[in-house]
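Look for chain A in each of the two complexes below; its partner is chain B in the first and chain C in the second.
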Partner chain A sequence: MHIVVCIKQVPDSTQIRIHPVTNTIMRQGVPAIINPYDLFSLEEALRIKDKTGARVTMLTMGPPMAEAALRKALSFGADQAVLLTDRKFAGSDTLATSYALSAAIRKLGEEEPVDMVFCGKQTVDGDTAQVGPGIATRLGLRQLTYISSVVDLDLAKREITVQRRSEGGVQVLKTALPVMITMLEGTNTIRFGTMDDLFRAARTEIRVWSKDDCVEDETKVGLKGSPTVVSKVFVPKPRAEKAKFIEAEGGEPAGVAAAAVETIFAAQPKLAAGLLARAAAGA
Partner chain B sequence: MVEKFDAIVVGAGPSGNAATYTLAKAGMNVLQLERGEYPGAKNVQGGIMYAAELEKIIPDFRDDCPTERHIIEQRIWLLGDDSYIGTNYRSDAFNTDAPNRYTIIRANIDKWFSERIRKAGALQICETTVTELLRDASGKVYGVKTDRVGGEIHADVVVMADGVNALLAKRAGLHQELAPQNVALAVKEILFIDPDLIQQRFGLKDEEGVVIEIMGKVTKGMVGTAFLYTNKESLTIGIGCLVSDFKQAGVAPYKLLEDLKNHPVIKPLIEGAEMKEYAAHMIPEGGYNAVPQLTGDGWLAVGDAAHFNNAAHREGSNLAMASGRMAAETIIELKRAGRPMTAANLAAYRRKLDDSFVMKDLKKYRDLPDIMHANKQFFGAYPDLLNGAAHNLFTVDSVDKLTKEKEIMRSFVKKRSFFGLMGDAIKLARAFR
Partner chain C sequence: MSEAAPSKPQGRRFQLPEHLKAYKGVWVIVEQERGAAHSVSWELVGEARKLADKLGVEVGAVVLGAAGPDLERICGESFGYGADVVYKVTHPVLADYRTDPYARVMTDVVNTFKPEIVLLGATTLGRDLAGAIATTLATGLTADCTELDIYAENRSLAATRPTFGGTLLCTIQTLAYRPQMATVRPRVMAMPDRDETRTGQVIEVTPDLAEEDFVTKVLSFIPDSERNEAQLAFADIIVAAGKGLQKAENMSLVWDLARVLGAEVGVSRPLVQAGWVGNDRQVGQTGKTVRPTLYIAAGISGAIQHRVGMEKSDLILAINTDPNAPIFDFAHHGIVGDALKILPALTDAFSRKLSVNRLAS
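Moving on, here comes the complex of A and B:
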């Protein structure tokens, strides 16, 4: 078993400050942390390692300082770490990032076939939730997103059973390896590594790969490979409107109900027309 | 399998860093353990860094050490209720290629120092708390135990650089609990401000800096001092008093800091600044008489854990670095001579300290803490008297000068009596002899 866990180093969003003079975000001095969502995926990968003896490889793309995030991840119990860093990667959007990461995973697979890729659900700085599925698509992995628990892993049959949280409830999914998994937040708690883990983290040489080490098509990474244009940043309008209270105290039940229906129909004329048409057709 | 090292250094402050770096540079197999999330996470300093000691350890530190401003002006202020009297010394001669003092933001220095330590070959592990010393039946220390699973680690010698609380030595029964009158509690804020404003308000250019050391009414009669330092893009302001005095006076430290910030002579200097960071820390102030046992079988204590702080001159981190370096040098010498890390052999560390400014300075001011503690007039009555005298003298109001001098003299005698004044002079002379 070989598991690759993709993480991202992000600014600690709870400690970002605004420059009092220029009113811009002050990146300097803001501590960098591992994207909190990634830790749920890392912990799940480590639990699989505990059970199966799988090898866990950490992977990140970022500036050289992202090495700190990898070393931290090693201290939780991962086995090795690869840092993808190159000026040519700068400015990558999710399309270019997933291209570079999938190229690196493909290369890792040449050393030892990759059975599972874990990614965070999304990052706290970009919030797109696109990189994980992007990697899965490029590598032809089955996607298991928003997973709340890994129920079973059958290594003989190479099958995995998981619970996936969806809007309507919980789905139980079974599929064949290799897979790409993103874990839901709050589904586990990252462990406190052992003394051995810390020694290994302190001693492990982080492997540093540049563009030339794994990427074939240079035009697909960095700014060149990033079609995303941020044209405008705005705060969306809140969707929910204020609730209206219809006085029910002391009124006739039928009258109150009629008033409620009237209020709803007034607010939703389309709904009213549709329901009335169906009522007419039914009658 | 239990890991074994030549030496384990507990703590990543100036003393622990100096010890670890010196040991690693000499090719020793050294492990540094730090409980904070990163080196420096738990450290608080005003701070002023004195170059000489760091230079002894890392001669080329100026190449990449993230200092703030080099100090070209020192002000010492005695605050009255709405005034100050004091002295300034400013010199362009401080603008050299190798300045002697710098303002610093401690977290930046620790991060830099740690990178140098790792490059020197030491193994550094953070987020790991050493919970106890491992000792054999004879009491000899042979390693440490941490809060991690499988947390036992062995070493020939353990350097305790775990700071002012010195919890390790206390838990092992090697050090006693700190006496409240031997420890100060200091609080400080880093105030973010436009660098142009710093330069205008303090008359500075480029990376020049000013230090203001403050005593007086603002400590409300408690034994304590305050400070204001200029950083690149911020000001550091802080105040500290003895824990015993805080307890007796029932004053909250943050309230003292607020009063300092609102003092009429301080307020205009920090106007428009935004608070970026608030920190508090204890400072060992007991001086020479409070220095605990420094060595034993398999262990040494350095820095704040050994109570190395010169309260009179606001020096701590340089004593810490010097002691860390000397502890490391002692270990290196023993190791190279193939001698064991026994209490008798490690006593060479104490002799090195005695021969250096560390112990010589602490010894010189050995009576200072007791005298200050027993004579609160130096923190209340005298600031008032001196400020009053200056106010009288510099108010031109047709009163003749001889009468003014007599008035001033009378105010002093009235407040302290003739013998009181003489006694205070003698006490001060003794404290600073």
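Moving on, here comes the complex of A and C:
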């Protein structure tokens, strides 16, 4: 068994600030983290490794500093890591990103066939949830997104059964390897790596690949390979008015609440009528 | 979306290559699950109508599934909400959603009829399908748009979406590729009015599929109604709580008010993380987008990640001890006070108002 887990290094979005004059993102000093959603997929891959002895390869495409994300992932227990980095990749949108990543996975597969690819549900910076399906489509992997649990993995038959979140419920799906899986958030908690893993992570050499190591068609990566272009970036317009404060004489909760009910009924007559009808029906 | 330098103003003046000019019309892939259409599809048909009118083209609704009365009804609804043409794609293999057959059929249908814009709901189905077909079609796809428009200069789609957790908005275009694809989350666009008398042309498509060709099988389906999942997205009133509630026990104050109003209960993310309620009740960027008539936010600061999920509510009433809490910047009405005292007082005031009227009627 060989599992490839795709992770992305992202800026910690809780700490992003906008420059008040230029309206651009101030990235300086913003710490970089592993995309939080990727950790649910990594943990699931590591659980499969625990059970089956599978080999787990980490893969990321990004600037050289993304190596830190790979080292962190190794310290959780992954076996090897590949950093795909090249100036020619800059400006890749999801179509180009999935092309480059699938080229790298194909090359990894030549060394040892890949049975499962894990991606995060989405990233917190790109936030598109498109790269996983893009990889699956390009590599002809069966696509299993929004998985809440891997119910069964039968290595002899190469079959997998999963629960998949859909809008109105949960689908139980059975399919055959190879697959691309994205895990739903909250389905597991990333482990603390062992001391051994920590030391191993520090020692392990990270394999660095450039475009020439795996990409055949360089018109499909970077800006050239990206159908979408960002034509405008702007700060959301703040609402013109602030909230109108509801107050009552004496400031007693009962008085304020009564005033609030009157305000709501006056502002939303249809809602008020609905509530009254419901009350009259004895609900 | 690209993370390239955000300045490509020449994009607007870009002229489409000749061979792509054959792509015409604005499509919505109608999402149906177990015989019912997802309301996001109708919100998108309403949006497609506006785009198509600007372009002077038709709105196409693609309805996929197993043939039957449910599908017929959904075709009729598509016209009612604004479609001009319905592409009815039926096959037993399409009964339940699976990526492979849906993606294969959709890429074929797009290649045959050549729409210039294809819209899908940013749901688990829509995102799964959109990512697969955009890759095969090798075209641009913009996820989770909050605004769609047409650049008149070159008839291209201007898809605006939040980025960096909602701190910024960006407008994305797909220039030399067709179709231009976008997904939109449920409740982001307004529901259009339905005209039951509207009809249009139905184009029937019977794809050539065989069940044996598809390895993935649906073993069963467990509906949320059997799992007591919160139906936040469709609630007309939501009483939402944040960390200002302080203790899990205090959630009863929220449930009490919700009961009197027949409302659903929503929460900010910290309460889900603390395990007070399940994650199906989280509102926001990583939870649900909601659009109720009334959203009561108690003890919620109004962080951008929460705001993007609820700011389109018709009326937002915020209760917060801090008069400078960011939520007061976008709530319509505010009460500066202790939610632990205001919530029971509201429960009381609503009960009284509603029971008085009951006696009177």
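A few notes on this one:
In this section, the second predicted complex is superposed on the first by the 226 of 283 C-alpha atoms of A that agree within 3 Å, B and C clash if a C-alpha of one lies under 4 Å from a C-alpha of the other, contacts with A are read in each partner's own complex, and residues count from 1 in each chain.
In the analysis below, a contact is a pair of C-beta atoms (placed from the backbone, for glycine too) under 8 Å apart; a residue touches a chain by one contact, two chains touch by 3 or more.
Keep in mind that this is a model prediction, so the values were computed, not measured.
Contacts of A:F199 after superposition on the shared chain: chain B is touched, whereas chain C is not. Comparing chain C and chain B on the residues of chain A they touch gives the larger count to C. Contacts of A:V229 after superposition: chain C is touched, whereas chain B is not reached.
In the superposed model, A:S166 makes contact with chain C only, not with chain B.
Comparing the two complexes, no residue of chain A contacts chain B in one case and chain C in the other. Chain A meets chain C in the complex at residues 11, 13-14, 16, 18, 23, 25, 90-95, 98, 124-134, 136-138, 142-143, 145-146, 161, 164-176, 185-186, 223, 226-236, 238-239, 242-246, 251, 253-254, 256-258, 260-261, 263-265, 267-268, 270-271, 274-276, 278-280, 282-283. Within the complex, the chain A residues that touch chain B are 17, 20-21, 75, 192-196, 198-199, 202-203. Chain contact summary for the complex, chain C toward chain A: residues 1-4, 6, 8-9, 11-12, 31, 33-34, 36, 38, 96-100, 103, 123-125, 127-128, 130-132, 134-136, 138-144, 158, 162-177, 215-227, 229, 236-237, 261-262, 272, 279, 286, 293-294, 314-318, 323, 327-338, 341-342, 344-346, 348-350, 352-355, 357-358, 361.
Against chain A, in their complex, chain B makes its touches with residues 3, 123-125, 127-128, 146, 148-153, 192, 194, 274, 276.
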